[in-house]
Structures are given as C-alpha cells and as structure tokens.
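So, here come the structures, one by one.
Both complexes below contain subunit A, partnered by subunit B and then by subunit C.
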Partner chain A sequence: MPIRYQPADVDQTHAGWELLPIRFHRFDLSRVLLTNMVGEHLFVTGEDFDALMSGALPSDPQVRRDLAGKHLIRATGEDVPVELLAMKTRTRYRRLAEFTALHIFVATLRCEHTCQYCQVSRQSSANDRYDMSAETARRALEATFQSPSRAVKIEIQGGEPLLNFDLVRDIITEAQVMNVHHQKQLSFVIASNLALLDDTVLDFAAEHDVCFSTSLDGPADLHNTNRPRPGRDSWQRAIAGIGQVRDRLGPDRVSALMTTTAASLTRVRDIIDCYVEHDLRAIFLRPLSPYGFAARRARPTDDVAHWLAFYQEGLDYILELNAHGIPMVEHFAAIVLKKMLTNDDPGYVDLTSPAGIGIGALVYNYDGYVYASDEGRMLAEMGDTTFRLGNLHANTYTELMTSNALLEPLEMSFTHSAPMCSDCAFEPYCGADPVFHHATAGDFLARKPESAFCNRNMGIFELLLDRYHSDPQARQVFQRWANR
Partner chain B sequence: MSVVECRFDASGYSIDAIQRAAYKFCDRFALEVTGDGQVFLCRLDFRSDVTDRSSIARSFKTEVLDQVLRERIRAETEGVRNVILAVAFSNAHLEPQ
Partner chain C sequence: MIPLNGIATASTISRPLDRNLWLITSQAIDQAPADPPQTSRAYLVAENEQPPKGFGLYLTDSTQLALPEGLPAIRLPASLGYLTAGDVIRVSPDGRHIRVLWRHRSSQNSVLLTERCDNYCLMCSQPPRTRDDAWLLDEAHELLRLLPAATGDICFTGGEPALYGNDFVDLLRHCTRRLPDTEVHVLSNGRRFTDAAFADEYATINNPKLMIGIPIYGTESGLHDYIVQAPGAFNDTIRGILNLAERSQRVEIRVVLQKHTAPSIIRIAEFIARNLPFVDQVALMGLEPVGFARSNLPEVWIDPIDYQEDLADAALLLAGSGIRTFIYNHQLCVLDKRAWTFAVKSISDWKNEHDPICETCAALEACGGFFHSAQLIASSGIHALDLEDARHLTRSSTDSGRPSIWRAGIESKRVTR
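Showing the complex of A and B:
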C-alpha cells in the first residue's frame, strides 16, 4: 500500500524548501556539524547555521547545494530525498534480520598464562573440570545453526583453547558436517596465545581452513609484564606462533589483538612499531577494560582523557606511517569511518543500536551457560549473572533469544530513545553498550555525561572528523579504510 | 556558594528544553526548576568539586537555546521522519502527490 506524505503546515516551513530530519553539534567556535538520519555529514559556518535555523537559506549557492546533496534540506514536497533516505536507512539496518553472525565457544577456562587483566581464565592448566564437554559443544552447535544469519563465524576461545584441542577439533569437524545441511558461509577462528601451537594443530588448521587470532600487547617487556606465564616468554612464543601460522597457512591467516593497560598509555608508538616490525598491518587501539577492579570509578572522565591522548597519538602516528608508504590500519577508526562515509554498517558489536549483545554475538561458556557477550560472561565470572541468557542443557534456542536477560537491555539501551543520544549528531556513528554501562554505572543506559563510553566515542568522532577535513592525506587514508 | 540561579521566560522556552539541557550537565550539577507560568526559575546545585560554576552556568544557558532549536527541528521534521522510517521498514513506496 502506498504511503501518502503530507508536507508540514506552510507556516512551519519556508518558501520553496524545508528541513529534513537533522541533528547538529557545535564543533568549535566557527563550525557547526550537521548530520542526517543516516550519518551523512556537513560542516557549516555559524552564520549559515543561524540562517538555516531562522528560516533562510545560506547565501552561498554551493552551501545550498551541499545541504540538499547531503539530504539535510529538500525542495518542498520533493520525494527523491525521502526515498533515498529510506533506502539508506534500510541498508544500515539490514543486518538486524540476520542475527547472529558470531558464535563464541569457550572450550576451557584453563590457561597457562596468568594475565593481570583477565578475570576469567586463571584456572590451573591441569584442572579439566573447567573444560567444555562434548555434549555441551554439540548443543552449542545446534543453537549456532538455528541463527538466521547466512554467515556464521565460530570462534573458539578460552582460557587457552589449545589446552582442550580434542574438543576444538570435534567442534570444527562436527560444524562442517552439520553445515552440509545448513549451507551457511561458515568460518572458524581459534583465539589462542599460540604458546602451545604445534604441527598437529597447524595440520588440522590447514585441512579445515581455520584462522588464528592472538594477543600481542606490544614490545616484549610490556607484553610479558601484562601476560605472565612460566618461563616469562609469552611474547617470544606469540611472535614465533605468528610466524608458524603464516608459514604454514598464509600471511592473512593470523591477526593480533592488543589489550590496553595503564602501562600501555605512554607506549603507543612502541606498540605500533612492534606491529609494523612483525608485519602486522592492522591494530585495534582498544580502550582500557572497565571490568574488574576499575569498574565503578567515580570520575571515569580522567581515564578517558588519558586514553584519548594515547589514541590520538597512535592515530596520528599511523597516519604518519601511511604518509611514508607503510600501510597500517587502525581498526576502530576504520569501523567508525565506514559508518561515517558509507551507508554500510559493519555491525561491530559495541557500535550498533540496538546493541550488539545476542544479535551480534552469542557466547557458549564451558559449563553450558549462554551469555549475550563475552563481557557479559566476564561479569558472570565476577559474580554478576545479569547477561546470562540461560543454559544449553535447560533452554531452547528460542528461550535464549527471547529471554528478558537479552530483550530488556536491548530495549532499554536503544539510542533512538535514550536521553541525549536521541538528539546527538554522532548517534549514527555510535551504539548502545548495555554491558559496559551496567558494569560501570549499574544500569543499562547510564547517564551519558558520566559515561566513559560516551565521552570516549565523542572524542574519537571529533578527532576523525577533524583529521578528515583538515588533512588531505588523512582524508585519502580514511577513505581507503572506510571502503575496505 | 554551590547553587547558581537563572531564569527563563516561559513564552520562549519550554520545560522540556531546559530539562534536556540540564541532563547534559548532570555530571556537574543537579537541576531544580520551579515555574509560575511566566518564568522558569532554575537552581543549579553544583557538585562540590566543580569550580568554574559561572562559566558552566553560561554554557547551560547556551545549551538551553540549542535545545529550543532541536525542539523546533523535531517538530518541523517529524512528519517526514515518520514517512522515511515507514518507507524504510515496509514494502511500500511513496505515492506521487
């Protein structure tokens, strides 16, 4: 059935043109940022903004064309911008109908590392009561294949999953058998510290097209301080493992992820240099973890300021490397830039609304409990089971996905109805993170001015927009990242 | 003195705009509003560790003005926003006017 659109009353609009839904942010003393419903943006001068708000079009015809081109205004009654905004909106939300793409299996809590920032994996490597059973894994696979998503990634993690490699092997082979019927685009990742990597594992990975994700916190001294293990050789083993995977499986079959700690904050160049030196051409400059002892700090903004300084120095250094012909990507910026500069939404769990919990990822713990996110599982290991959706041995897939533990935080954190978010010019780039806010503020939404998540993201959005519009070389790099 | 007062003419400002603006500053002060139908009296009760109170109060007044603009944009574009969302999430198309 067609939808009839009646323009607003004449006395609410302006002769010949009218505003489309926009949000604004006073960027600095001279510029106002305008964004439309799908995140297309335009900077205008304060004078032009004032003119627009008082019902007059800016005098510069180029500015008027830009305003129309970015779907911020339209000729009265013109349908094309409405149709285009609708199409772009539909594109942005297309992933919602295809949940859940990432399924995380916690094969064991055992680990031979005792990392200072890990709340979940300090079980003795000899204690197999923290291993996932074959029956639990089978039920997790049944849940996995009930997800509507056509693409399914199974990530097997721990603890250290290679300590329970027999189960890892069973999960992957059984998934491939089940997929003969389901015909999903199936992929596998083993998240491992690589310390226990051997030929048996590599042979299996080669045969079953398995990728590896590992931890690399930066230079040896920093990494080994963060990630103690017997022999104090975690870094050496990770680097050796990266080389082995590359030699055997190919250069793109291993990626590295860093965890930022307080000790990292003054070392961002060292960390990036370590990645470059070992030919890892993408890095994710991640925020400090809010989970654990630092969860309920009274003034998180101090931490945000330190982290933003770390991030800015790192981003500028990466841009410098690119300018010198060394291609390097910062992952978080690339995700945000895709949302800023294209109509696509990469579906990154922390930057979607509705939130990515459950919809973007499900976590099957070793003991059969199912969590809406890995951070939700970490909270449970610390005694807070808010994000526990149920148990594979007691609940059906439908019960898990319609549980209040999932639906309530999704509904309560939705940014289109959240105070401050609903008016925020950066909303199309941002997301809801009910797990973070529950951990730091005690509710799924939190007051945004007090939220480290909000302050940090606003800082990043401003930084990226500033570099994009002030530095032609950064603009080129950002366009490449956005269109990867 | 941890409380700063300011007034807004009720004919030019809505309580919604004032409350939305105050929310942005909830990490620095709590707001109490009273009104007599003509004027809203706002009492900005600052946290004890906030020092630059008069500057923040000025920013709050500016933010109230911005919220009035946002209110105006919302009202002016509500119809078209609803149509865009309706078209986006249905199989329908716009009917030519």
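Showing the complex of A and C:
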C-alpha cells in the first residue's frame, strides 16, 4: 500500500503554531522545566527552550510532539488542546463549589501536656473557664451544617478534648441527629494525645464511628522531650492508646501526626522507623510551625535548608522502604504528587489556591470566636485577631463567610495574581498561605524570595521531580501516592 | 485457524435461493416455531435422517453422500464440518459459496458493517475499500433477526461503521431491541462523533451494554494523523470521545502497538490518564500482521520484546489511575511479568494458533497464543515457559487483586476488576 502522507505532511504546526499558557523554571544546568496551566510538566534542554522562546520550534519532532501532547503549544487555532485544558481546569477547581469540608471544634484549651511547641496557649487542667459551652457547640454545629460541602468532617481538638469529653459526646450525638435532616457524608475525628483514653471513650467511639488522630514525634526520648507531661510518659501512653484504638475500632481508625523540632532534624530515620515499627503506614514530615509558643521561643523555620535536608533524607528513606516492600507513604509528597500527576487538587488547607482558610476549614474556638484556620486562632491567642471571622453568638453564618477577615486574605493571596506566584512554574503544585505570610512577614503575600513557605515548597517540588525522573522505582511509588 | 469460507461440494439447487442468510437448525435442537420462520432456516440433516419438510434450505455434511431428494440442498465442504445448529451462514443464490457469519459457540463474533473508512491506517488489518457496500448493513439487520436473545456478545466492526450516520444508529437500536441482554461492542475511529447532533442520536440508543472502542495513536495530531494517514483525524477523534463521554456513553480506548506508537506508549498512557480519565477501559494491543500491516511491514513492525518494559509501565500507570486496562494479542513468554495480570486471551478463536515451540510451555492454557498471520513474523522472544514462570503467573495475578488469567481460563474475555 502506498503511504499517502509522511509525518511532515500531517504536522499541523507547519501552518503555524503558538504557545499555550506556559510557565518555566530553570531546573539545573541542562534542563528547563515547563508546566502548563494545570501542572502537566515537561523537561526540555536549554537549547530547545531558547528556540521556543525565540519563536522557533525545536528541531526534534519528538520534542515538538511532547510539547503539543502536554498542551504547552498548539497548532494555530487548534481547538481540541484548549478544550482539554478547559476540562482539566474545571476538574481541578470543581471542589470550590463545595466549600468547607473540615470543621474544627476547640472543645477546651485545657491540657495535661506542656509541649514546648504547642500551638495553643495551654491552660492548666483544672481551669474550666477554657471549656466550650453547650450553647457555643450548638451554634457551631448550626454553622457547620450550612456549608455547601456534601462531605463534612468534624474534628474535635483542644487542648486535650478528652478533658471535656461530655461535650465531645454531645457534639457528636447532636451532629448525628441534625444529619438525619441534612444528609451529609459525616465523619468525626478526635485529635487527642490519647493519654486519657479509657473504655468509656472507646465504647462511645465504636458506637459512633469516630476516628482518632494523635501526636507521635518519633522515638520515646525525642517524643517525651518534645511533649512533657507529669510522669514523662507521653510516648508510652500514645503508643498504648494507638494499640487500644486499633484493637477496639480497627487498624485504620487511628492516624499519627509528628511535629518537627530542632531535635528532630538529625533523626528522620529514627522517626520513620518508629512509625514503621508501630505499623503506622503514613507519615507527614512537617515543617516546624511559626505559631504559638514555638514562634516566641527559639528560632522558627527560617533555616529552610536544614529542614529540606531532613525532608530529603526522610523521603529517600521512605522510598527505600517501599523498594523493600514496606508501603510507607509521606503525606506531603502525596498531596503535591496528586496535584502534579492528576487533575485533582486535594484542597489541602496549607497548599491550595485560593487559600484553604475558611473555605477549606473553619475553626470554632471554645469561646465562640470563629477563625479562618487553626493557625489564625493561634495568632489570636498571641493577640493578633486578623483571621477572626466573628463570633457564633453575634454573627450569622453568612456574616462569617463574607467577612473581610476572610475575603480579603483570600483575594490578596490568590496565586494566579500574586507577584512571583502567577508566573512560577510550580504554581499548580503550590498554594496560598496568607496566615503564614501574615505571621512571618506582616502581609498576606510577602516577598517570595524571603518566604520560608516558598523556599521550602520549591525545594520539595524540585526534589520530587528529580526523583520522579531519575528513579523508575520512585516513579511507580509516586504514581501510587498520587492516585491514593 | 478456523475457515470461514467454503464451496459446496454438491447441490440440488435448481433455481436461485430467495434469501442469503440462513440460521442453521437441526433435529438435535428444540424446534421453536415461527421465529425465525422455517423458511429462513437451513436444516442440517443428520446421517440417515429423513428431514422434515418446510425448511428453505437443507445442509448435509461431507460424510453423507446422498442429498435429500426433492428438497433444495447443498453438501458442506469438510472444512465447514464444524457448523452446528445456531450458526448463521450466508449462501450465494446458486448455493455454491458459503460464508460463516456467526458461530454461536464463539464469544468473539464480529460483524463487518462496511469496508469504507475515512482513516487509512498504516497497519489496518481490514484495508478499506471505496465501493458501496451498504448491503452489509442490511445483512446485519437480517442477522439480528436470526440471533437468539441469549446471545452473549456481538461486535460490530468495519471499516468505519459510523459512516452510515443515523442508519448505523438504527442498526444499534435494532440490536438493542432484539438483544437487550447482549454485550455490544462497536469498533469505530470516533471521528463522526465530532458532530454533536450525531453523538446525541447515538446516546438515544440508551443501551447500558453498548461500548464503543476507539483507537488513539499518540498524544497530539502529528503522530496519530500520520499513523491513520488522515490529516485532522486526531482532533476529530478526541472531540468525538469527549462528546461521547459528555453523553455518558461507554468508551474503550484502543492503542495498537507498532513501530511508531510503541516507543510512545508511556506518553500515550499518561495522556489518557490525564485527559481521558473517564473512559471505561483501555486496550493495549499487539499488531496483527495482515492487511496493510503486512504490506507495510517495514514501516510498522517492531519486535514486541523491544517494548516490554514500557508496556508494563504504561499498563501499571493506567491501572494505577483507576482505568481498567487490558493487554491484547501478546504471548505471555514475551510480556514483562509485571504485565501478565493485564493480559487477555483476545485473539479471535478462528485465527488463534500456537507455535510448535509452545508444546512444552507450562503456561499454554493461560496464553493468548498467536494470530494465524504470525507465521509471517513473530517476536524473537517466543519461548516455552517453565513451571517456575507459571508459578509467578499465579502469584502476580493474586497479588494484584485482579481475576487471574490463569484461573479465569478460556473465557477470560470479560475479565473485570
């Protein structure tokens, strides 16, 4: 059969081509990273990039095909790439129509721990004026059920919420009663150090399908130094609590969260080993928070390089574990990879744009004040009420959600219009964090080169892309994480 | 290889037959009255049987020397001796030429609707012709009238069946009415569905058992349009797929692995996962070296052994994205073991064969085998698997949580997650 057309004959870019909206990042000496509107990426050589920027197509037909297939260029006037981009963009932002899936109830500020990094101003265990009242809880639930989100997660935290367990019980049972009418996909999490876990709590959790989230900073010595309590047995109690929840409620009903301190930075393998040893198959290697007591005490997060070294060592160790058949997941990487490799944005509060404040989570404080995020509440405890949206006893849900305290930082920090974000190749993977930047730089945006948030995230994005392209085994692990 | 054509070795036909398609019936099966009427049925006469009167045609197999007297009868050639009640044949008016259109014992019957096509693929196994063959569509309607409601699967193919426009939709509607419980597969290049009104019309068929299989051969027009030898085809096909998806129609993406697509298979998998994640399934298919693939062999052939790692990566990527994924037309001994769990015995039984080298293979039963046409050229990686390999087969299937091809055995065509 005669071949009618040679590849060049059907190459539509012959008639002319144009760039689609792209962003770039000079990745290393030989490679330039290109990303399209929705975060699909392609590495090209410096030469090909220069050609492209001067209006010429790279000579290698495969590079031209990759550019077109990744929706970085199109033949002039070609509609289909734009339709596909539109579809992917719609998919990425569809979650916005259903805002505020997470509702955080601060049941009490009391706590029997005295953690150095605690993000709330702890109060002594005996002082019940820091407990949420039944009336405040009722109003918080009313606000919760006004959210358009079909899935609603109620997270009850403190302080140590088990110190005010009667209220915890009331919130959960009342929410279930209200949900008969509202028909949301309702779930409950108690964020607790588990030190006070007992059969009453477990019985109730079993009956009402409640999950637990706890703190585990790593090995006993590190954890107990970070988290002092009378008896210096925080770690032992947390481990015992994790076991009890598992035995009673099932293996997936408890998750653990670690907080990074200066003492953690040299011990990432120990920390991960501790998680593996206790059968916790996911870890969140978090940066140290700049809020709460932590910010006032020692140096906060500005040593990004140290933290990134910690993160990189941890990530590589986790990849090594996976290669040996231990399916450990690093949560932050999984969030970024979902944004990098799929059209989904998991809407993680600290890494999404528009920012997750208010529309990703609402915080109902014990005293009835409502905050746009937990960090916003922390700032208020330190005297800065910028992110206070109003009070449950004085304001309606509409007033809270249309308050300037919410809308202004949302609009100001939106990455598509933020200086240096709007033209950053990593914008689709990143997010807006107006609370962090307000706390560290005094405005919602900050200058990105000086932002620890920006520097840290850029480092992570580069690390993940490097491993994705240099290590086939990492690539498969990453694909699994992205599609969790 | 099961022959589908034959020439009658004897005949009593004295005047032209008044119909072309015949549903074979025999004493052995329950004689359901009326539908389809006896006049449209060919009675397969058993040895020494005095056949009942009233059938439009009588068949004897090659072992019987006498044809029933005074009845329109033909003797089948030995090669068609496998025909039994429930099969459908086309017989030329003079009773000489016989074409098997339906074998009821096969789950892989496909019905050719036209040889016309607006693509001209380098590796087309059914090279397009331009002549008007709309009689094939009439014949398909007639075939539908002869098939029992219990039919498991039917596949409509071409050429490009959607070139018939609304007449094609009418056929599928007819099929849905006649065979509401049958899995219906249509093979199309999808271009016609660019027309939203046509896609609307197709959606009105409203058959949940209908799936349309559409090939894409690249991530952009350059490669795809070259392979299908039709400028503009890629954009038509993608928009067609989007139009079908918007109307909640079930779509399968097919990718034939050949010299130009195989090196891009990971890119294509990424493209599908990112741009077409809503499709129902993806089939990654080995090349069938017939038709244009045969005449263009140097331009399309690649030894499958050369793309195995990428094929496994692509299949894992697609499956990881939540898309049901199959690998068709590959021998297990050539496939990367990571890909075994996706392998399906897809080669139609009538053109499936094994190589003498396979006789000692421990995985023969689970293997898809070869196209008959693989006599022309086959992978240099063909070898008999030993028991150790076969154990891996069981293990890999179990690990993935998918039904195993090993255990699913012969009828694994509809492996589901």
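As a convention for this text, the second predicted complex is superposed on the first by the 456 of 484 C-alpha atoms of A that agree within 3 Å, B and C clash if a C-alpha of one lies under 4 Å from a C-alpha of the other, contacts with A are read in each partner's own complex, and residues count from 1 in each chain.
Convention: a residue touches a chain if its C-beta (ideal position, glycine included) is under 8 Å from a C-beta of that chain, and two chains touch if they have at least 3 such contacts.
Note that the structure is predicted; figures quoted are calculated from it, not measured.
**Q** For A:R90, is the partner it touches subunit B (first), subunit C (second), both, or none of the two (neither)?
**A** In the superposition, A:R90 contacts subunit B only.
**Q** Looking at the overlay, what does A:H393 touch: subunit B (first), subunit C (second), both, or neither?
**A** neither
**Q** Considering only the touch criterion stated at the top, classify A:R129 as touching first (subunit B), second (subunit C), both, or neither.
**A** Neither subunit B nor subunit C is touched by A:R129.
**Q** With both complexes overlaid on chain A, does A:D79 touch subunit B (first), subunit C (second), both or neither?
**A** After superposition on chain A, A:D79 lies in contact with both partners, subunit B and subunit C.
**Q** I'd like to know which partner A:R65 touches here: subunit B for first, subunit C for second, both or neither.
**A** In the superposed model, A:R65 contacts subunit C only, not subunit B.
**Q** Please indicate which partner A:R232 is in contact with in the superposed arrangement: first for subunit B, second for subunit C, both, or neither.
**A** neither
**Q** Classify the contacts of A:E40 with the two partner chains as first (subunit B alone), second (subunit C alone), both, or neither.
**A** second
**Q** Going by the contact rule set out at the top, does A:L20 touch subunit B (first), subunit C (second), both, or neither?
**A** A:L20: touches subunit B, not subunit C.
**Q** Going by the contact definition given at the top, which residues of subunit A touch subunit B in one complex and subunit C in the other?
**A** 1, 3-7, 12-13, 79, 83, 87
**Q** For the complex, give me every residue of subunit A touching subunit B.
**A** 1-8, 12-13, 18-24, 26, 37, 53, 77, 79, 82-83, 85-87, 89-90, 93, 301, 419-420, 423, 447-450
**Q** How about subunit A: which of its residues touch subunit C in the complex?
**A** 1, 3-7, 9-13, 40, 61, 64-66, 68-70, 75, 78-81, 83-84, 87-88, 342-343, 472, 476, 479-480, 483
**Q** Could you please specify the touching residues of subunit B with respect to subunit A in the complex?
**A** Counting only subunit B, the residues touching subunit A are 20, 23-28, 66-67, 69-70, 72-73, 75-81, 83-90, 92-97.
**Q** Can you list the subunit C residues touching subunit A in their complex?
**A** 120, 122, 127, 218-223, 225-226, 229-231, 234-235, 238-239, 242, 264, 267, 271, 273-275, 277, 292, 295-296, 299, 313, 316-317, 320-322
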